[in-house]
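Okay, here's the structure, questions in a sec.
Just so it is clear, A, B, C and D label the chains in written order, and each chain counts residues from 1 on its own.
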Amino acid sequence: MLSFENDYNVGAHPKLLQRLAETNLEPQTGYGLDDFCAAAKERIKLACACPNAEIFFLTGGTQTNQVVIDACLQRYEGVVAAQTAHIAQHEAGAIEFSGHKVLELPSHDGKLCASELKAMMERFYGDDSHEHMVFPGMVYLSFPTELGTLYSKTELTELNEVCRAYALPIFIDGARLGYGLMSKQCDLTLPELAGLCDVFYIGGTKVGALCGEAVVFPRGGMPKYFLTRVKQHGALLAKGRVLGVQFDALFTDGLYFEISKNAIDRAEEMKAIFREKGCRVWKETPTNQQFLIVKDSELERLSKLVAYSFWEKYDEDHTVIRLVTSWATTKEQVQQLRAIL
Amino acid sequence: MLSFENDYNVGAHPKLLQRLAETNLEPQTGYGLDDFCAAAKERIKLACACPNAEIFFLTGGTQTNQVVIDACLQRYEGVVAAQTAHIAQHEAGAIEFSGHKVLELPSHDGKLCASELKAMMERFYGDDSHEHMVFPGMVYLSFPTELGTLYSKTELTELNEVCRAYALPIFIDGARLGYGLMSKQCDLTLPELAGLCDVFYIGGTKVGALCGEAVVFPRGGMPKYFLTRVKQHGALLAKGRVLGVQFDALFTDGLYFEISKNAIDRAEEMKAIFREKGCRVWKETPTNQQFLIVKDSELERLSKLVAYSFWEKYDEDHTVIRLVTSWATTKEQVQQLRAIL
Amino acid sequence: MLSFENDYNVGAHPKLLQRLAETNLEPQTGYGLDDFCAAAKERIKLACACPNAEIFFLTGGTQTNQVVIDACLQRYEGVVAAQTAHIAQHEAGAIEFSGHKVLELPSHDGKLCASELKAMMERFYGDDSHEHMVFPGMVYLSFPTELGTLYSKTELTELNEVCRAYALPIFIDGARLGYGLMSKQCDLTLPELAGLCDVFYIGGTKVGALCGEAVVFPRGGMPKYFLTRVKQHGALLAKGRVLGVQFDALFTDGLYFEISKNAIDRAEEMKAIFREKGCRVWKETPTNQQFLIVKDSELERLSKLVAYSFWEKYDEDHTVIRLVTSWATTKEQVQQLRAIL
Amino acid sequence: MLSFENDYNVGAHPKLLQRLAETNLEPQTGYGLDDFCAAAKERIKLACACPNAEIFFLTGGTQTNQVVIDACLQRYEGVVAAQTAHIAQHEAGAIEFSGHKVLELPSHDGKLCASELKAMMERFYGDDSHEHMVFPGMVYLSFPTELGTLYSKTELTELNEVCRAYALPIFIDGARLGYGLMSKQCDLTLPELAGLCDVFYIGGTKVGALCGEAVVFPRGGMPKYFLTRVKQHGALLAKGRVLGVQFDALFTDGLYFEISKNAIDRAEEMKAIFREKGCRVWKETPTNQQFLIVKDSELERLSKLVAYSFWEKYDEDHTVIRLVTSWATTKEQVQQLRAIL
């Protein structure tokens, strides 16, 4: 069946599978200390223009958020995030499981607002009893956000300034980083983004890999004994090579950006179709996730022809659904969707 | 370089890579709800002769131990294990990270002894102040053990009887399960092993997969909302299909057992070479891990020719090293080792 | 200096000190298994009209919230609370420290609204991906609230109905329970309140004791091995008698209610003075906490004459302060405050 | 009934109750920021000859162990302790609850041995895979130990030297500190003990207080935001004055030492009686805990006349019991015990 359910509904980009096959029987040391991980790190440093970056490969998004946040925070600190943030909503409490509170700020189309962050920090330190409260110890934001939106360079710079003033590290969840960077609306390069945060990750799972996220500390400063902490979270892959080989391939000849662009191009085609067909759009976004409002009666027909994901109930007899393109979406699939709508 | 460093030093069995390639572009739902996971579960149920089994695929060994133990225990309970157990020594405190104590019993070549377990339980409940102590809530054992040894059917049955008396579930860490089952010394079948425990896992990472462990609750009773708990641990793979496809292949036409047998056959050849060469054996085991005592001066030469793993210092000028075969070890590689020794 | 800073600014009611002195040298078993705890429990059961209640004495409020919530929740569950709840704001993340998320709902003068709770539960179970979210496992509310307000019998009954429908236990934080029950606005008796929740605590620290909170499971159902869980939280007092003696005294001859009423009477006098003096009231409440808006210039003078607590900045040059009466506040002290204002 | 059950079976020294009564109605700020806590800290600094000490008052022993260990350790570190240590056996897993492993070393009459500690550290850092293990991050010892024994100055100095070499802080659990310092066998003064560790606590609960332990960082270095961390553990007492007043009294005119000496004197009398009566001694100790081996048949009679505590089964028909003196034990009570034996 045709599927626009999400951006992890198929396997890996063929070049990654090919590299896995080619390197399959070369013996390597485990736990990410292999040659492929080393090579992949060099390529990523180049792509980020961060020669002093420290990099670690993890397996999935929630795991990465949990490990990075827990490793960077002091025990008495929490992480600031938008109410719609993945860590606040859809990670089954993985942050709290490791002992930290998610300190929520309002979501503006999925984004944090620098002035609200500043006000929060002023309120916190202005409160006589703040030692009885959770200390804000890090700011989490996603690029693109969970709603497919993007921070502009100005917005990110403003957040960065507030964070600098309070010595708050910024962590960017880049589960869909490629789709953000290749969006027409994006005015940030990868090196610029790396320069505006303290740690971020380059999503592989949703951008062409079987699994894998590359955590990047752009100017170093990876928490001490990070490998031990990763292991303690149950997140250390014995065959770290699996991640290394894939990221090595993704960052060879710009593959990561090329396949990310495919998702954006297909999303643009999809948006054009929505306009053409007069679909009721809930949120049109500059990236690979698009949202429609559909009558529940119509939804029944649709669900037999195309896989989508339920977003939320809109009202009594309408539902918001999400349609997602990816590195693997073809022009043909978009045309099939057109025929269905 | 020749490597007997461990059983996760190469990629996956070619049939698994092939199946990953063949199924690569079929869209599937995420999080282990895909068709491949479903098919793999059916094959595993058959292999275990457990039609009511409940099965979940996780990524790695420490992760599996942490998730299963935490999900099965009450908050005030700990897990009983041998002092040499992987969870007691080499998981960076992953069990304690999730709040549970590892209650250690002496190791007998890596194994627990039923009478010592019984004595521990009697002592615990005989102690007036046991409500001030950690309740033993589960017994963890590994098959094969971390030292390459195996429980006999009698030993496992005795442990099982003590556990039944105290309503203690038994959890078997089967990271190397295939190598145990195919050992010449093993007098247990997979269905028999499944019948003597409450939950176990079938190791994939060390037996032919890129990654992946299959957690099996042989008679059902998987903890409620297990998926949520897995997610909370950061252990839920978006592309669960990656694990499903691989286990489906491993349990097609007995591949898992066939490749496990290869490791055992190569280990037997290796043991013969040790005898022939008069090597000083620290521990000869019935499975795929063998241990030698080597002079430190000799070790320097050796380390340039073959990768092994450091086990422990034996004395001032000797070291215990571990040499490991796997599903991928060839007769040629064993002969090369012979030439070196 | 005159102090209306809070309701824990002096020691204990003299009758409690006297009882501590009288019983001081009687040897007793530790950990709450003493005769005084037993006697106090009987008196509390009577006061609550709950003959099957199970009761445990703890030391302080945050500790009690942490222990009760953690002991009652499954690991994958969180606790629903108003945004202004003590557990959401002023407990330094004690709930998250034990692994649970506080699921916030809007605060209506410190209170939860039954229809919003219902909507939250419907949204949760209506969401296809709710297994990726934190399960609401308990509802926390405070009586009186952190803002000094009270639930009416109707409001509490409505919340109770929603909770019954979703099998959600209700936990009432009664750190200031006496002040709530003795308020003129209160239309609930202690037995009625006990009947409308699943667990609550009777605050001692703020109502006449040196320390101590009595956790009451009105119809039984205290979590198994509760003593062990309390110990695990570091919350088990060796000399449990200290709590038992005090609660025994508090529930002898209605002392708890009598001294609670004193705080209410003094608060009513204070409110009359505010009206007489034309003070700018931020929030007038039916219990023992009152809130004023004061010019910052005026505050400087005030702070030399009377201790109050900072609540929040109102605007550029005004501050909200809190003035609190307690079981110990005298008519003379209120008159002194009058002279100062 | 006559009770030698433990050293927390009665209330507080009368002078402490008197001070609580005298100071009862003086308004004070909460959370340990009151004048009494301040005064008590000054007295303790003097007694320890540590003018730069940082001090915090907590309520009970397990709580103190949990808070101090968790606050001082990094997340990936565990605490080294003897197998018989209170934290290893009788705290219901409170250390693991906060995420840290207790790394056990053999107990020599309750004590750690410096050479075994050194060997453990050498083994740890000599192990190639130590980043997969729990890092030893602190050494815990109790003075006196759980078995009533004492470290000599030499023994403590040797441990200290090993710890210095590995930058391992030493934490001394002084739940019964006074009884150790006043023992005839003790060759350490309080300032000397303070000089040989990094943090310790002065037990109040077992030495004359209703509750309370004084945590001392003798040369400063209290973990940042310690109050917040205490609160996060649910361990912050609102009426911190209760602890301050008591420790102020205990350290006025040497009361702490004087009443500690009483326990030792009574224990010496008890030991003389055991010799006189030919009691079978399991362990004779230099402090206030003594252990006898008693026939089970005889125990039945005994248990009706005197409260003791069960220690462990000795063999089929004998039991080890513990008899404990305290600050409150009188000569008359010891003579009554003599009559019974």
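Convention: a contact is a pair of C-beta atoms (placed from the backbone, for glycine too) under 8 Å apart; a residue touches a chain by one contact, two chains touch by 3 or more.
All of these numbers come straight from a predicted model, not from anything done at the bench.
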item: Any chain that touches chain B and chain A; value: C, D
item: C-D or B-C, whichever has more C-beta pairs in contact; value: C-D
item: Computed distance of Cα centres, chain C from chain A, in Å; value: 41
item: Computed distance of Cα centres, chain D from chain C, in Å; value: 33
item: Chain B and chain C: spacing of chain centres that average the CA atoms, whole Å; value: 50
item: Chain B, residues touching no fewer than two other chains; value: 75-76, 91-93, 97, 99, 131-133, 228-229, 231-232
item: Contact footprint of chain A on chain B as seen in their complex; value: 1-3, 5-6, 8-12, 14, 17, 20-21, 23-30, 59-67, 91-94, 97, 205-206, 210-211, 228-229, 231-239, 241-242, 307, 328
item: Complex contacts: residues of chain D adjacent to chain B; value: 75-76, 78, 89-93, 96-97, 99-102, 104, 123, 126-129, 131-134, 309-310, 312-313
item: Contact footprint of chain D on chain A as seen in their complex; value: 31, 70-71, 74-76, 99, 131-133, 135, 224-225, 227-229, 231-232
